[in-house]
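One chain, chain A, links the two complexes that follow: it is found with chain B in the first and with chain C in the second.
Showing the complex of A and B:
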């Protein structure tokens, strides 16, 4: 689509302006371990930015703390590497003040489902227009194999030497139980075309799109997802006219491929808790949910002087008056 | 000179009606009535008790004789705060107050009555000639109502009802009657509202751009040697930290941490120059300046012109200024987006001129509103007017039409009622870029949103507004006069908005006229006949009913006493629907009432009938534009109907012939198309194609589309493995590494998509073992 601002004349498309390529979205060299699943997610979002021709200066990737949360550094866009568990509230702040920006959130299973769980519930309810990618490797990777809320029962880790005692938290079932949700999907890092298509749909959904991505951590949990990777029988591909579309060649690889209408919340909840097969696709989508920024964003445009004034006002609240 | 064909036409004309013609010749009453109808305006029916020109009123007007007792669109309040409700009739406002305030059921009736009483009192004040805001009028009217209340208890209820309604009243603005100035007043008001809306929008754009440019310039300044010097940092941090911080160190830390280079001199100069122009425009829009909320309502000065020629000149000067401004805006937009490329853009902006302005930018031109008096336009202005309407310039023309007596000759001018202006509106509808609205002043409140639409529209707009005679007439209130101009089709309402689409169906509407699907609106007339029986008739309201109120045309009407009524007298509406040939023995009449409320038939003379036919033709062409019984559509429908019928007929005939032939005569069915397309059998297994193109077990390859970009193979040997433009791996150069590397990459690939194939170098050590390991992946 042509953007009049970029052109010489607002009514003539600028045919000389170069299109963005994937290279334009490269940041510093990724420093994840060899074969880490995060690389696949990085490639998918870079491809999305290039295909959608998102202006790098109008795009922000926000993250918390963790291996996965390093992703913004590897993007050639704006980024905000925030505090542990706080990616979502930071992203909400960006969105409410700058609804014109494309906001993405990268968060780990520890970042989102553990320390950031409170924010998670409310971010889903606010339903602000952003794409949230949960890199779920079922472990704290950055802190070298500490147990996470999504770690399976019995997992031996540095913080659970006798094996995890509790049943894991299911991020899909949890999200599908929250209020005011509008988009929930599940992806796996090792099926690049499906991963891309899900992120692509999530990006085009207006509202908060929550994509849980099963992400391999070859360093600490090398064979964790082998059962699904090696055996396509264990994957249930969800397709629908209003949901995921996949090429026939891809669909043929999966014995279990079913039509799932993403407006059916009850069915989505059933699928999310299916023990036998891992659902991959769009579980739930409701485009009718109101976005918080639509009702709360102020239309007031602030000049530089206004911004300084507003900041001063905030800072004044914290002024400690020196005592003589 | 009369040729043969012409004369034979005249001779043959009434041949078919010979018997009727003889009947007319034998009917002396009918002949007398026909003579009145066909005669000159001065001829009178001397047997009638009425004198032509005495105040007879069209029967359909009876209900409107006392406008004060009616609730209609006037007086109207011009709301200053709400663009979407810029003109609200007082009656609507009162209804709204009644609707939102819901006292208990028992009080409800009193509350309503009290508010209606107040409404009447406000109307009386406006009729006295007061031009005041509603709040002022309300208070005066309330005092009058209270003073008039005789019963003390009632007065208290009235006081409390009016008080609570007053508290619920949210809106205020000037209240005005439908007087001679109404069009100008309402347009000036609408323009002011639009302007503050557009001015605010412009102001916001400029605010944003200036703010962002300032950020770039400031950021550059912050990187300068001066801003990062120890002294500057010391001043910035304040005295409290003087002892605790080594500012020399801080300065070198700040300087070492700078990633971006400073702005080039040319860019800095460009940014400053552009900012200066933007700032000047901000000050112009909002001379108050400042960032406070109240001052953000941008308001530009309303420029008016009294002639089309002057408008053109004013606009030209403004255009030059706009070119300068939009050049700056466009540079600023490119700069803010960091897209200004000196190699490309310098030349473009050096040659930037008026041609480069887009319609959107042109619409940012300051207000240019032209007031025109329809009867006072000279030829030059008329020509310029058409030029303006054919342009894309945002000039808004208000053309007021009064149809003053001297502008329309009393007899032959009938056909051109409304003069040049009426036809101008219809003519302008063919200009593709012109917004055109035609309406009488009485309809302005209900067309308020269309008025706004025309002002918001980016191109030229013409408003042809019929405001009635310049001087106030005692005979009929201006509102009623104007409203009946539309009702009678003498001055139809229509709107053409080019912004709504490219076809007539989207851009043109007649829907604000009464009963737009009919030639003339039809109304019930209830009356008592001579024997006191209640009767109801459906009668058309025609242009002749409207003109009956105009003394200039009095001679066109001739009342007939009931004794002289004849069966061949036909109501004018029906008469006009007849083929003119069939009217030779009919006498058209209107129903009118006299001062004693007695119904009377009034013959309409030939000249006025011709005017009515002309008016009907104009209306019919407007109907066609609006798609009402559109002749093209009807014709297409007819052709299609004929085609279908012919087809049906053909099918029937075919069935009949087939029944008579035996099967052997029938040609063989054509071969299915698909067979012609491909000579090869279609494979059941579509996947076979993929397998066929995949290299064999000999050759090394990667299933690229399944690669997860994990970097494992590319980190192993970046000469051997590479990424494509989608960042997915392929074998870049199989000879750039060893077979061992290939096998190890295959073993480590998390998704097992690397196939090592056979070794290329037979001398590589441990080949036997490696080939065994490779087999698992081939």
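Showing the complex of A and C:
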């Protein structure tokens, strides 16, 4: 990687020339609005890539359409900015072909919970080893303020001028009700160290790790999450030896901090539907769940000659010999 | 066909019942070809009987083409006109390339399914009908009446109806004739056509392999009983001389050929969602694909199947998705993404009747225009169509090669006729290079961009994830050569131009197809897809009458080879024969200004500025050479396709 400072000042001490820094994971400059929660998510994943020393060429960020889905362009890795709602099946195809790649998916509440909801259910069930980040700002931003499935009832928007009619879809409760799930967490963009730690744990989980991130949209819903930001009492921090670890200084800020064993699915479901406080942490983790690629990807290496032989055997089944 | 209840009749001596000593005193008609239909209620085994008969005929050196007769429901009511299930087999002393005209011989398990075929226009006037007669003695008088009145009517209409005590004879060999009657019928057919009984025996043993010795024995006994019955009770038989077969052949239907072709192409991932009539290709592929390191992914829907294939292709070797018309419509947005991001992809569309759910089990060629023009905006892709079972094997191999060489989607069209038709073709010689890895994985030199389009051809080297130095984000948004989102007018046009140029570059590699018939003359019939054999047979018939005509069959529909326009100009008139809807000028409202043409006719008119006429039939059935022959005669005589 060409680095002008290093080149011009050879005296700059360099501990490890080959190590990747956060700069190596920067793509084009982010074009989100000022104070958009997506910036915090971008920083967290760039930090993760650098901390984990992921080879940029071995890392792919896949996204759908929406503000959230611009993220791959801002990374220095491979990226696939696909179609509205279709990030998950594309990521699955990548993973089945190349299980050695680190696959991340960035999706929004419209992308994942509305147009791509069918794929969402099935992606959880396939449980392929990837990290899925749901940037949930409860509104459509890129198309200018329409309600999303996660918008609260009564929310006034361009398509709900008299307020949203229905209760919102709860992405945590929905995910915890799906089959074959293995990792479900909830984070908020304004607590960067907690966000980082959750994404870090999600990355290290083998299977599909689903992280819903409550994300601020300063343009269209500037005060949507003020109650949680201003009043830490509304947050329930979930910690555990097998779950989220936070520094004492962080934990002290939260009056409601509880030990939650992430193997307890019933408790996770209760927490997900808690109306009083927003749970932040790892709700559920089960490392023993079957991954689709483990049962579908062949480990046996077949040469072209092996393949020809196998196909000749198929032809034998249908062959009629020459007459005479 | 499975039967575990039959045990008591298994001790009979096979040798004692083998009809080798019977003296054959039948009148034997030597014929060049015949169309035979075997029809029953669903589940009575007429399909297995028909397929077995076709295999026997192929093995004894005959040309063969089969057509499945499939009811729309899994279990339609018994003895119903719409419930006819079975097989049509055309057997000939030559290379048979289509299902032929109406049936010469029909074997029916009840008179209602027979009526269904009669009403569908499947029976040749005066043809021979061999009909199960147990209904004449049924306890329900309504059934007796239905049976006797139908028999009388058919005889009055001139059909040669032979009532046969199929079940009664079967009862001498099994206590459950419902299961196994089809093998008795197979024996009858083999006897009627003087097939080699040993070959028939081997076929039955193969069909029931792995189902237990007792079942094989019982079915062999029924086969022999049928053979003997035909030899001793029918006063006539047919002899279709065999032809010498110099090379080994494989006998499969189009969907099996497609699955074999996908395996041979080196593609390793097939993503699909169940849809008739495409799914049987995936059934077979699911069974054997892993033997060559491949996998079938049954996705949650058609869209996901296409997305999964695109994801897999993006990360390496080209992947394939198989579908039919409704699924094709659902995949169109993603096909546009593959075009925009320039990701290789093979999409197979086994066409069925449409629009909407249409005729799921029946043939139509209505997807050509959506294959070429589907997706919004300009989304160029290559479209090819299989005309034979052999094409179903070789075209997936070509499709992968084109998709990877030009980084674009390739659509392969087949149809419900090819899907279930069987036709022998030369056993392929496999090549190791078909399985080759797709792309160079070496590091990308600094400064090279992911879309470094060649200004003449639009071609460039594709970077795949895992490749050092090639990091970029592919996007469905308009983008520049570095794959950066770009909304400016010049960059947008640059992308459009280069994606389109690739099609022109590919077009330069195509060779002009050969004309069948006169090199110039009064009429050129143009076709595509499964109608090739029918059109060529009709053209040959009319040429034998002294007319100067020809046909041209297109494998590549988008782009079309250079030279086609020149061919069209060598004939006084040009028309297409297709199975997609075209308005008929004899209808009061239809004029030259509002007529909607069948798919290929639209394309030829637009590109070559020639007044191409069209004739089409969209009845969910394969075309018949006799009908196309009449169409050509009319066109020559009156200058119109419909009279």
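FYI, the second predicted complex is superposed on the first by the 281 of 324 C-alpha atoms of A that agree within 3 Å, B and C clash if a C-alpha of one lies under 4 Å from a C-alpha of the other, contacts with A are read in each partner's own complex, and residues count from 1 in each chain.
Here, contacts are C-beta pairs under 8 Å (C-beta built on N, C-alpha and C of every residue); 3 or more make two chains touch, one makes a residue touch a chain.
It should be emphasised that the depicted structure is a prediction, and the values quoted were computed from it without experimental measurement.
A.B. asks: Mind working out whether A:289 is in touch with chain B, chain C, both or neither, as first, second, both or neither?
C.D. replies: Touch partners of A:289: none, neither chain B nor chain C.
A.B. asks: Given the touch rule stated above, what does A:314 touch, chain B (first), chain C (second), both, or neither?
C.D. replies: Touch status of A:314: second partner only.
A.B. asks: Thinking of the overlay built on chain A, is A:47 touched by chain B (first), by chain C (second), by both, or by neither?
C.D. replies: First partner only, chain B.
A.B. asks: Which partner, chain B or chain C, touches the larger number of chain A residues?
C.D. replies: In the superposed model, C touches more residues of chain A.
A.B. asks: Now for A:35: first (chain B), second (chain C), both, or neither, which partner does it touch?
C.D. replies: A:35 contacts chain B only, not chain C.
A.B. asks: Identify the partner contact of A:79: answer first if only chain B is touched, second if only chain C is, both if each is, neither if none is.
C.D. replies: second
A.B. asks: Now for A:21: first (chain B), second (chain C), both, or neither, which partner does it touch?
C.D. replies: Once the two structures are laid over each other on A, A:21 reaches chain B alone.
A.B. asks: Once the shared chain is lined up, is A:117 touching chain B (first), chain C (second), both, or neither of them?
C.D. replies: Neither partner.
A.B. asks: Considering only touches as defined above, state whether A:142 meets chain B (first), chain C (second), both or neither.
C.D. replies: It touches nothing on chain B or chain C.
A.B. asks: After superposition on the shared chain, which partner residues are touched by A:189: those of chain B (first), chain C (second), both, or neither?
C.D. replies: A:189: touches chain B, not chain C.
A.B. asks: Go through chain A and flag every residue that touches chain B in one model and chain C in the other.
C.D. replies: Chain A residues touching both partners: 55, 57, 300, 302, 304-307, 322.
A.B. asks: Considering only the defined contacts, which chain A positions touch chain C in the complex?
C.D. replies: 2, 27-28, 55-58, 60-62, 72-73, 75-83, 86, 89-98, 100-101, 118-119, 121-122, 296-298, 300, 302, 304-308, 310-315, 318-324
A.B. asks: For chain B, which residues are in contact with chain A within the complex?
C.D. replies: Of all residues in chain B, those touching chain A are 204, 207-208, 210-211, 214-215, 218, 240, 291, 293, 330, 333, 337-339, 344-345, 348, 356, 358-361, 686-687, 690, 705-712, 715, 725-728, 748-751.
A.B. asks: Inside the complex, what are the residues of chain C that reach chain A?
C.D. replies: Where chain C meets chain A, its residues are 58-61, 242-252, 256, 260, 263-264, 266, 269, 271, 288, 290-293, 295, 297, 299-301, 303-305, 307-317, 319, 333-334, 337, 341, 424, 427-428, 430, 432-433, 435-436, 446, 465-477, 484-485.
A.B. asks: Inside the complex, what are the residues of chain A that reach chain B?
C.D. replies: By the definition above, chain A touches chain B via 5-6, 8-11, 16-17, 21-22, 30, 32, 34-37, 39-40, 42-43, 46-47, 55, 57, 189-193, 216, 218, 229, 248-249, 252, 300-307, 309, 322.
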